[in-house]
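These notes open a run of structures that come right after.
Each of the next two complexes has chain A plus one other chain: chain B in the first, chain C in the second.
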Partner chain A sequence: MSSGFRSMHPTVAIVYYAGLVLFAALLFHPVYLMTELIGVLGLLLLQGQGKTLLRGLPFYLLMAGSVAVLNPFFSHRGSNILFYFMDQPVTLEAILYGLMMMLVLLTILIVFVSYNYTVTTDKFMYLFSSVAPKSALLTLMSLRFVPLFQRRLRQITEIQRTRGIDTSKGSVRKRMKDGMTLLKVLLTWSLEEALQTADSMKARGYGVSKRSSYANYKMDRQDIFVLVMLVVSGLIPLLGWLQGYGTMQIYPRLKPLEYTWQEAVVYASFCLFVLIPSGLEGKEKWIWRSSQRTGYPSAIPMKPGTRFMSSRSR
Partner chain B sequence: MARFRFPVLIALAVFIVALALTAALKDSHYILLSLVLLGAALFPLFAGLERRPIESRELVLLAVLSAVAAVSRIPFAALPSVKPVSAIVILSAYVFGAEAGFIIGAVAALVSNIYFGQGPWTPWQMFCWGMIGLTAGWLRGTWWMRKRTGMLIFGFVWGFLFGWIMNIWYLISLPDAFSWKLVVSAYIASFYFDLAHAVSNVVFLSLLAGGWIKVLERFRKKYGLLQKE
Partner chain C sequence: MVLCGPSGCGKTTLLRHLKRELTPVGTGSGTVCYRGLPLGEWSPEIAAAEIGMVFQNPEAQIVMDTVWHELAFSMENLGYPLSVMRSRLAEIAGLFGLEPLLYKPVHELSGGQKQLLNLASVLVLQPKVLLLDEPTSQLDPIAAREFIQMLRRLNEEMSVTVIISEHRLEEVLPLADRVLMLEDGKLKAEGTPREIAVKLGGGAASPSDLAYFPAATRVYLGLTAEAALEGAGPIPLTVREGKQWLQREWRTDREGEGARPSAEHHSAAKEAGGSQRSSIPSDRPSEESVLAEEILKAREITFRYEKEGPEVLKKLSLSLFRGELLAILGGNGAGKSTLLHLLNGLAKPQRGRIDLAKGSSTGYLAQNPLLYFSQDTARAELRQMAEYGGLSATEAQEEIDGLLDIFELGELLERHPHDLSGGQQQKLALGMVLLLRPDILLLDEPTKGLDPAAKEKLASLLLHLRELGKSIIVVTHDVEFAASYATRCALLFDGGITAEGPPETFFSANYFYTTAVNRMVRDWLPQALTVEEVTRQWPAFASRS
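Entry: the complex of A and B
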């Protein structure tokens, strides 16, 4: 079931995730990075993706954690030397820098977990079909072929087994050869059939005129509102970053973080950007819960439905 | 909206490039710049596909080969570096040329990652497999690519190159610690994975080469696909 942020227009989602990756790569500041990480984790949990996250987490932690470990041993810049390791100075700055880089990587990896859930393939294709119609059609076709070919390969395996071509019996050499025979049958069959598809496409007039694209997503008022909110709240930290806010200087010498009111404005705007989808998701959860409670009549006469109920792209 | 799409896209691209350059110069922060450079490397070939009048038969052929490459990755998912994708991309490029090889490699990476999970590595894999196809297509006329052993060596070398290029996206997050010592240790750590990829390339190529080249060439002749001018 899609609800909340997931049922919004694809443009909104892509702007949000592009913004998150951009900020993770630009804003080199522990507070900002932690905010983004916590915001995305919160969004994932609200979307009910805790399990998916847990499955990938060891790998992400290992990958990001190794950066934090490696940096101090290979980078010797910085003025606060903590101790010597094999005659090489290990500096406080290098450790902090490694930790920051770990945060950056971890944030980007976890943003992609949420992206994989929210921006499904059809939405991604919808966004690209108007910009690059041929590449999008090509990708979409080969995407559709993947499950088809898997099914076909199973059929071929069953049929060829009656001829003694079986990848589960015999010596390694024979099994590999048999596997390649199966793949070759798959290739010939699929190519032959796909070229018929192509001829039928041509007979229906593919490539005669400019390709139109069918849009099954409509921007409604909430989509536009959220999009404008995201763009405005995203531009402020970007402009702030160009002015030098939202970054922390570690090398050559650690500089203490400064707090000014300009920084506060930039940070507040950044928080708004990160938390808008979680807010939407939370709002839907809350409305859904309160609509369940029939025993306690609400004071509001007309209960607003969730977006899932009113959305037209079902 | 459609009228403004291209100007808006170009403006966005310029904006992101400027941001990436500023980040790289100001904070020596290269993650964004690397993504921009990859985008710049992938763009011209996909733009070429968009601009050139293409037969629907050719489009479908590219889709089938990318899908076969993507499917071939699934049974080997448990083994980290054994990917028949590279071998299939090399063979397709050998028959259908550099541009087709690039598209097949890049699309196979994109499509198989829809099943394996997208991440910051997707553009890198698209680039690597695309480049495998492109170079195999460029070299298909040379005498040593025509020899079976030459092709096997080509596959072996690309098994290592693939791993080395993929290491970059990891090394880039350590801009300050960057030194030859770090590079060497990262490449030593990945040596067995790269070796596994290189050896599996050789195995797959030696098993597939004869039969597949024959099948693909027959299709090229029969349907007049992507002929050399």
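Entry: the complex of A and C
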């Protein structure tokens, strides 16, 4: 199923996710990070990926949480010493830094959950093949081989068991030897087939002239519009970052956050960047919900007051 | 144009010479001309696009992972612009009905769908000549028929030249304009199908040559005297033509009587057929031997591959008697292979049980013989198997020698198993299974991809094994094979055995799922299934009525 942000051109998606990862790494600021985290979570929920997220969440929290807990015990930088633990100073800065690291990690992990859902292998290969067509073809072909080999190995194991070549019985030595035999069978068979594949490729003119690449994707006007929006709203925080906005200094000494109007502009632009896909997704949801509403004048006269025109649709 | 001839007669080599990219390495002489110019002088783009080729193995030809990508692959190679690719892909997908499959991964397709995809991905280049190397040999009959119909449409509607090499000519030959018969790298005969039939039917033909003809033609040739061959009406090629011819023949034999066979005649025919059967010594075993001891019995087995998956077999019951050859027929995905897996103990049913007679064992030959090979020579394969079977060195040597005699593999012992032909590989694998001395042989599609001569050899081999006291279950699509050599047939449908019986009753009860011969003569000889039976029974029947 693809709709909303997922149905957009792969370039748009890749720009968005690249931006998210970049900002998560660069903008070391709790407000920005929280905004990004909440934005991506919102997007995932809108895309109906709550379940996938929930399945992975314990693992992500454990990973990120352990960073937050461990950092103060290993880093002793900072000037505000809170207490001593086993004769080691535990500083406020180190705790805050650990919490920030946790946020960064969590954000990046969740960005990747969303990325996996939005940018499928197909889309990635499409983007990849416009950069490096030959390597992309090779990658695609090898990708096909992974499940193919698995299926074949299963067949081979089954049959070879009837002639005593079995990796689940016998001494370790015998098992290893049998394992190698099974792999050998797989390899000989597959190489044999690869020859035929090569013939088939040659017969269909592979390497005859420069390859073009077929694409299922077309840039439409909405794609271009969203892309421009993303680039512009992404450039502003980036330039701001170069000027020193959007970061928070913790080491060597915690500095209080400052609020200026420039900071506000950078933050607003950042918010726009993060929320554009959620906006698209939300708009689509809303259109479905209110599909009774006619968006354009219809030739069919609509009489007011019939029972089909319920109060909700008006 | 149809190329035919036994395995290894040079069909593939000839086809490869017609396709420039695949011309085999070696010394050659003579030229191949395409539209008046030697093939080598055309630009590589034209050579690739205008001459398309489809190979035997549906799986190995596929390059990409999804259907749309596979279709686009050849066009990408030739660097077509995007708009051209889009429209051609749309066109071809529509023609072949591939739209619902467009985004599917290739491995989810059935064999027939894969081969259609291969054809489609060649056709997107709009070739003028199509070369096909035994394209249907790995397909089941229904998929094969579909494939041939597609070729016929291409040939008739788009006037694509089609050159096809084929073992199974029942469907192809009636469509052919020209037939070339090869033998040992030489052209043996050439002409329209009817000319070839006259030429080869005129006495000089060996039975193995005749095996290439459709059933109708073989019946005709079997019944018509050699002298009458010349100048007789057109030789029938299809079941319909065959039936029309028989009707005419029958009428002239019975001048003065009613033109249409009435119900009376029907029963008379049946009687005639029946009595004829009993008086003729048959190669089928008589009823008594069928009622022998039960050697394998499956009782109400139910099986599914995954917990949530559909039931492949549903309360299936089946028994096998000692010394018989049971043919199990059924459509694709009916669960035939699964049943063999279960009977061989490779998988366990969730319900029901499978009982073997005391002290007996099963041997299983899978569809793909390559799965069996793990050593470097055929000899090593057999040795390893004998060792595993627990035979002592001398015993093993004796057994192996005996098998080599039966299987005619003597000269091939030092060859690598992968260098053998398909039929030889299968024989080797069967030999390996036999070294375990099973009492019951389970064979999965043993006739797939074999030429008629090899099929006959396999049949006599199975007969020989039965004489040695083995019982055999063959799972097959090949109706003609089952009709000629099985002692009992069973139809697997919807997870259970829906019909079962000796071939004569089994097939004569079927309307579609029966041999071409039977479909042709069923109005007169409802129990006749093979050409031999008709040739034996018809003259007596015709003269009696």
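Just so we're on the same page, the second predicted complex is superposed on the first by the 274 of 314 C-alpha atoms of A that agree within 3 Å, B and C clash if a C-alpha of one lies under 4 Å from a C-alpha of the other, contacts with A are read in each partner's own complex, and residues count from 1 in each chain.
Please note the rule applied: a residue touches a chain if its C-beta (ideal position, glycine included) is under 8 Å from a C-beta of that chain, and two chains touch if they have at least 3 such contacts.
As the structure is a computational prediction, the values presented were derived from the model and not from experiment.
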Legend entry - First (chain B), second (chain C), both or neither touched by A:Asp199: both
Inset, instruction - Using the superposition on chain A described above, determine whether A:Ser212 touches chain B (first), chain C (second), both, or neither. - result: second
Inset, instruction - Give one of first, second, both or neither to describe whether A:Asn71 is in contact with chain B, with chain C, with both, or with none. - result: first
Inset, instruction - Check the residue A:Pro58 against both partner chains and state whether it touches chain B (first), chain C (second), both, or neither. - result: neither
Inset, instruction - Go through the superposed model and pick first if A:Thr162 touches only chain B, second if only chain C, both, or neither. - result: second
Legend entry - Partner chain(s) touched by A:Met141 [first = chain B, second = chain C, both, neither]: both
Inset, instruction - Report the partner of chain A that touches more of its residues: chain B or chain C. - result: B
Inset, instruction - Name the contact category of A:Trp189: first (chain B only), second (chain C only), both, or neither. - result: second
Inset, instruction - Using the superposition on A, tell me which residues of chain A are in contact with chain B and, in the other complex, with chain C. - result: 141, 143, 184, 188, 194, 197, 199, 201-202, 206-207
Legend entry - Residues of chain C touching chain A in the complex: 19, 21-22, 44-45, 48-49, 52-53, 55, 57, 59-66, 68-69, 72-82, 85-86, 89, 106-107, 118, 121-122, 125, 344, 346, 363-364, 366, 368, 370-374, 384-385, 388, 418, 432-433, 436
Legend entry - Residues of chain B touching chain A in the complex: 2, 5, 9, 16, 19, 22-23, 27, 29, 31-32, 35, 46, 49-50, 53-57, 59-64, 66-68, 70-72, 74, 103, 107-108, 110-112, 114-115, 117-120, 170, 173-174, 176-179, 181-182, 207-208, 211-212, 215, 219, 223
Legend entry - Footprint of chain B on chain A - complex, ascending: 22, 25-26, 28, 56, 63, 67, 70-71, 73-75, 77, 94, 97-98, 101, 104-105, 108-109, 112, 115-116, 121, 130-135, 137-139, 141-143, 145-146, 149-150, 153, 176-177, 180, 183-184, 186-188, 190-191, 194-195, 197-199, 201-202, 206-207, 238, 242, 247, 251
Inset, instruction - Write out the stretch or stretches of chain A touching chain C in their complex. - result: 122, 140-141, 143-144, 147-148, 151, 155-156, 158-165, 181-182, 184-185, 188-189, 192-194, 196-197, 199-216
